[in-house]
């Protein structure tokens, strides 16, 4: 399935039905993408911000996800339109932009990811979603109209513009809980009132802007701490964190069995 | 610490004290080596046989382990002396040769991994263990006398030569439990009498040859099934398997938390 | 679809119906695999013999083909069981062994690619076709019984053992026309009697051994030269050759248009 | 020949004589550069904008072109002076900047690619064009005065500053026909009056600014559609497009031959 | 030792004691890092500005240095906070920013490399310095307070803001002697009065801002030319330059011996 | 110049004129090849035996050397015909086989590197020396008749067959001095009578077999120790060793200058 269709399908699932579960992919290993898909995650987000993945590794993971029909977004802090375009051409179903704080940043994101007249993304057919020019240009443009998903990561105590305005036109607001808690002076204290208060503000803003709400938590049991926000999707941990947890259990169990 | 010292230290720990715990590294990610070391595994074995690691990835993992002072072996099916030498020069503390069945194979392994007059390994100082020729040749040869560890993987229902003879001169006999169970016609049935019987034979042979006994198990609780063999070390699962287990728990917990 | 299913499906299509068309993949570019699939080739063969693909590139191409449900074989001259196994674990639907000349070589190929009791292939679940151990061992072994496809490349004027005996137990006999013509002292002269005579012998042997017949030709019009052999599949050219042809046309047309 | 000489030679050929023919290189394969050179293209442009080439692949292709004495430019959307410098140090004979719309952008490009006092490019001798410091600094600076070629890609319906002013100081104006047609609301309709009108405007501006005119067309026959503009060079298609065309012909011809 | 400790230790050594010696690493080879450490350099600087190292190579070199407990900085011209963060997470003990000319640039550097409330660096535990989340968030933040080292490269004839103000809050001022001499119109003439005068100004400014002074020289004997500035550390040449010198000596000596 | 011509030219220079000087390339860096060529070495040998170069790196270095018209051999211990062929197709001007001890090994080398009827090398036009099939097959075969150079490395105290017989049909006998001295029980003692005696034997055998004589020495002054053998070429040190020497000088000089 082309990346465009993956985006459309994911967008629909964000609008209704049971909330979705995903995780971050930080390891430079296609095995990780294989496993995320095989284990039934609804989506995955390649982490271009906090990982040792270089551009080649990011593109490679995105291509593999697209080949497997797994909806994959990419989380990035880059505002470079060229970089964003290469990731979308690789097969990213969406872009999750970190630390969104202003309408101008949102506008730049929309502009960089939509073709004229809706934006300024440069057009090419030299990638899988256009079947490497197997699809006529006009048809490709038509089918690309609502692609890709755009997610704004909200992770600061305050923003430059009002939250509901910043979020308008995006597909989802994503709460970067770690950075948010640090910025609020409550590192990792997700059930602190300052944190839950801010989470609630973001949830309200997302609702008023008509966009889905998502968040990252280190583990599923941390979800409850965030208050009664209604998440349309959550990202839980990462492949790297899962690897640590899995290896840690192996080590303990082995020590016990051999004692 | 140089790879030679890592081998010496590991050899000593195989001779006495509490049994050691290791795991297989199959992911092309230095993060995996970092975690194995940080979580207190006594050793790790880069899997050159059942993984998607090419030679470059294998060498890179071995170099990282050596840089971190983590004793790493490499499991390989290759009998090519050139390949074995490159892995040792990269920093492998030992070689674990799969499917050892004959004295001639053991002899070839010894020959390929020992310098003259003990073997035919080609000499070079162009690698970290010789400080890139910072160490005089004669001194380097002296310190390399007992390096690296040699492990023979026993995983067939029968061998060409008698087991105790095959094992002589090695550091350890390692039971490849999966292949062994398949070869015995009892795939994965580790507590089947055929399997435990063969395990017992191998243990006896290892003891009589004066070499340490090791084995792989998918999980620590499988150890008990193998009978009363006294293992000096076990490899439990792999990073890839731990990643699967970790991601699987994340997915279940998240579904439950969101339900 | 798992590589095993791809092999099964391809085997069935080799038995009857219209003859299949494939090509060699020699470029280190996933784009090539994407295009081969999109343009409707029935199969592709990653060229591990005549290309600049190292092992990492070969495995990467095979994984991509498997992810896209494109049946991909790998052509290799290696007799190393470890290498063959890694390529199958990567997702190769089959192995095409170059320069097959003896029953012993065929036996070694079968042994290296079949699990006990049919062969000596080492078992692991740490790859996609076993869902990274998501499938129980016994079930995985069952479903792997006839996997992968085995193709013997016949490209010498004579063989050590009689052709029909060499081919028995394989899925296909593949005529390496270039090497064959050189070995017959008629380089590239496919319609020379020596060449067509030998082609005919191979075709007869394939028929008597009950295996499919395939061949490589540089271009489709060369097929006719090979005589009246009935091919179940042909490999035509390669991505590299297609790239050359395409670029050559571009250059000529542009010169003409600008003149 | 050093990259500087390649730039000088190419600049001269852009000034007079028969128009030049090039193509885009988008595949991560040195084979593509080999073929472009062997088939007589006058230049090639590594596509850093619409391809899956990461920085390492781009630099690698540029180095190979320089080693082969093939003049290679790089097309990029980056305005990052560090990136531009690394590409020039790799051996790029020129920079083709996408979507040029303002004099300030042109000034930044010039500044980033010229040493003081003409610009702010950071100086280093640690690259082939300076023979890795085999050439004295002053001499290297002297010979670098007019290097590299600078090409501004014009592909919008309008620009911020007047076209002739934007182009001044560059070597060539390059028409990005696809983006231009999309921005004009006539996707792919190169013979539409809006497109040909704009092409004519750009040609006039180039002429008045004294810079060469170039353009991309998907195929040579599209050239005629663009009106009577006098191109000093054209880029036709790409290696990826040629690969598609070549494979497509192979597939059709094979089906026909086997029918 | 964690990268944080490496930074702390290096910072202390910059404050007093004998001046430190380092060099640039430009080769994509872990061997280079091994040698720099083995030969007793106090630090090394991975050159992200003048080399053919792509991001993956830079991260790989930094990780290797951190694994070996060698303090490594990275020299870069990037102002992209995401890139800077990935390099620090890889294990860079410090950032050396090229062409610093204004307080705003310094502020951006500080902001990008310090966590809230001191800056805006995005927090993650998914890297070695945080033991991949083995360290609690609050503790990690505490230990990261003064990490990494920040070095401003001064290499222009003049700056936008006064030098002492620009340098405040950094750890060191580093004189980019080549670019500085070119910008002063005295390429490579380090003992020219214009150059020594500017060096003296920078030294005075560094002293008044309370930051260490460093510089690059192509060879140790060039140090004397720079006047009487008191350097706390110098970077001499690079691995690439050392390779050239070493090979050049080999070639001459061999010609002589064979003559 | 095609690799074939490089081989021919090198072969001629081995026959007469001043002796040639080369070195080993062990670093995974094209910079090393650039420098070796720029500094006037007559040839270089990519070290596939004692280095951390994987196959991809080896091929990449060979391709770069061929692109630059630098005659490059590859030193390898592999007897695998497929590997040898890929290295020749990459552009190796010759193969230097380590530890040659028997006529059968020599025959296998000749067979693997010569096309029928002189050998069994598999034919392909899909590489630069055949212009990717731009050259007709028969013409390519004709021009490949004496290509590539074949060098046998003699480095043992004794051989299975008599030396003069082993060397017949090769282009050169190369003395692996380090391994030879170790095998003779005189590690590194090049002027020991056992070593010089054996060197003399090899020289005599080379002369009687009509092949050129070459050797490796760590540094040029060691040449004299080897006695009065007449070398047609020597390999001195390696890039890695030169890097070490260069860095070592930098460190000492800097310490002195700062003291």
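Letters A, B, C, D, E and F mark the chains in the order given here, with residues in each chain numbered from 1 onward.
Definition applied: contacts are C-beta pairs under 8 Å (C-beta built on N, C-alpha and C of every residue); 3 or more make two chains touch, one makes a residue touch a chain.
Values in this document were obtained by computation on a predicted structure and should not be read as measured data.
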Touching both subunit D and subunit E (chains): A, F
Shared chain contacts [subunit D and subunit F, defined touch]: C, E
Matching chain pair for D-E (criterion: over half of the contact pairs shared, by residue number), options C-D, D-F or A-E: A-E
Superposition of subunit A upon subunit E: rotation angle, C-alpha, nearest 5 degrees: 120
Interchain centroid distance [CA atoms averaged], subunit B/subunit D, Å: 52
Centre distance in Å when subunit B and subunit F are each reduced to the mean of their C-alpha atoms: 34
Geometric centre distance via CA averages, subunit B-subunit A, whole Å: 39
Two or more partner chains touched - positions in subunit D: 26, 30-31, 35, 52, 54-56, 63, 80, 132, 134, 240-241, 244
Every chain pair meeting the contact rule: A-B, A-C, A-D, A-E, B-C, B-E, B-F, C-D, C-F, D-E, D-F, E-F
Subunit E-facing residues of subunit D, complex: 54-56, 59, 63, 80-82, 85-86, 89-90, 115-117, 120, 122-127, 132-134, 136-138, 141
Parts of subunit E lying in touch with subunit D, wherever the complex brings them together: 26, 47-52, 54-57, 76-78, 80, 98-99, 155, 176, 178-179, 182-183, 185, 187-188, 218, 238, 240-241, 244
Subunit C - residues contacting subunit D, complex: 18-19, 21, 23, 26-32, 35-36, 39-41, 52, 219-221, 223-224, 231, 234, 236-237, 239-251, 253-258
Residues of subunit F defined as touching subunit D within the complex: 30-31, 34-35, 38, 63-64, 67-68, 128, 131-132, 134
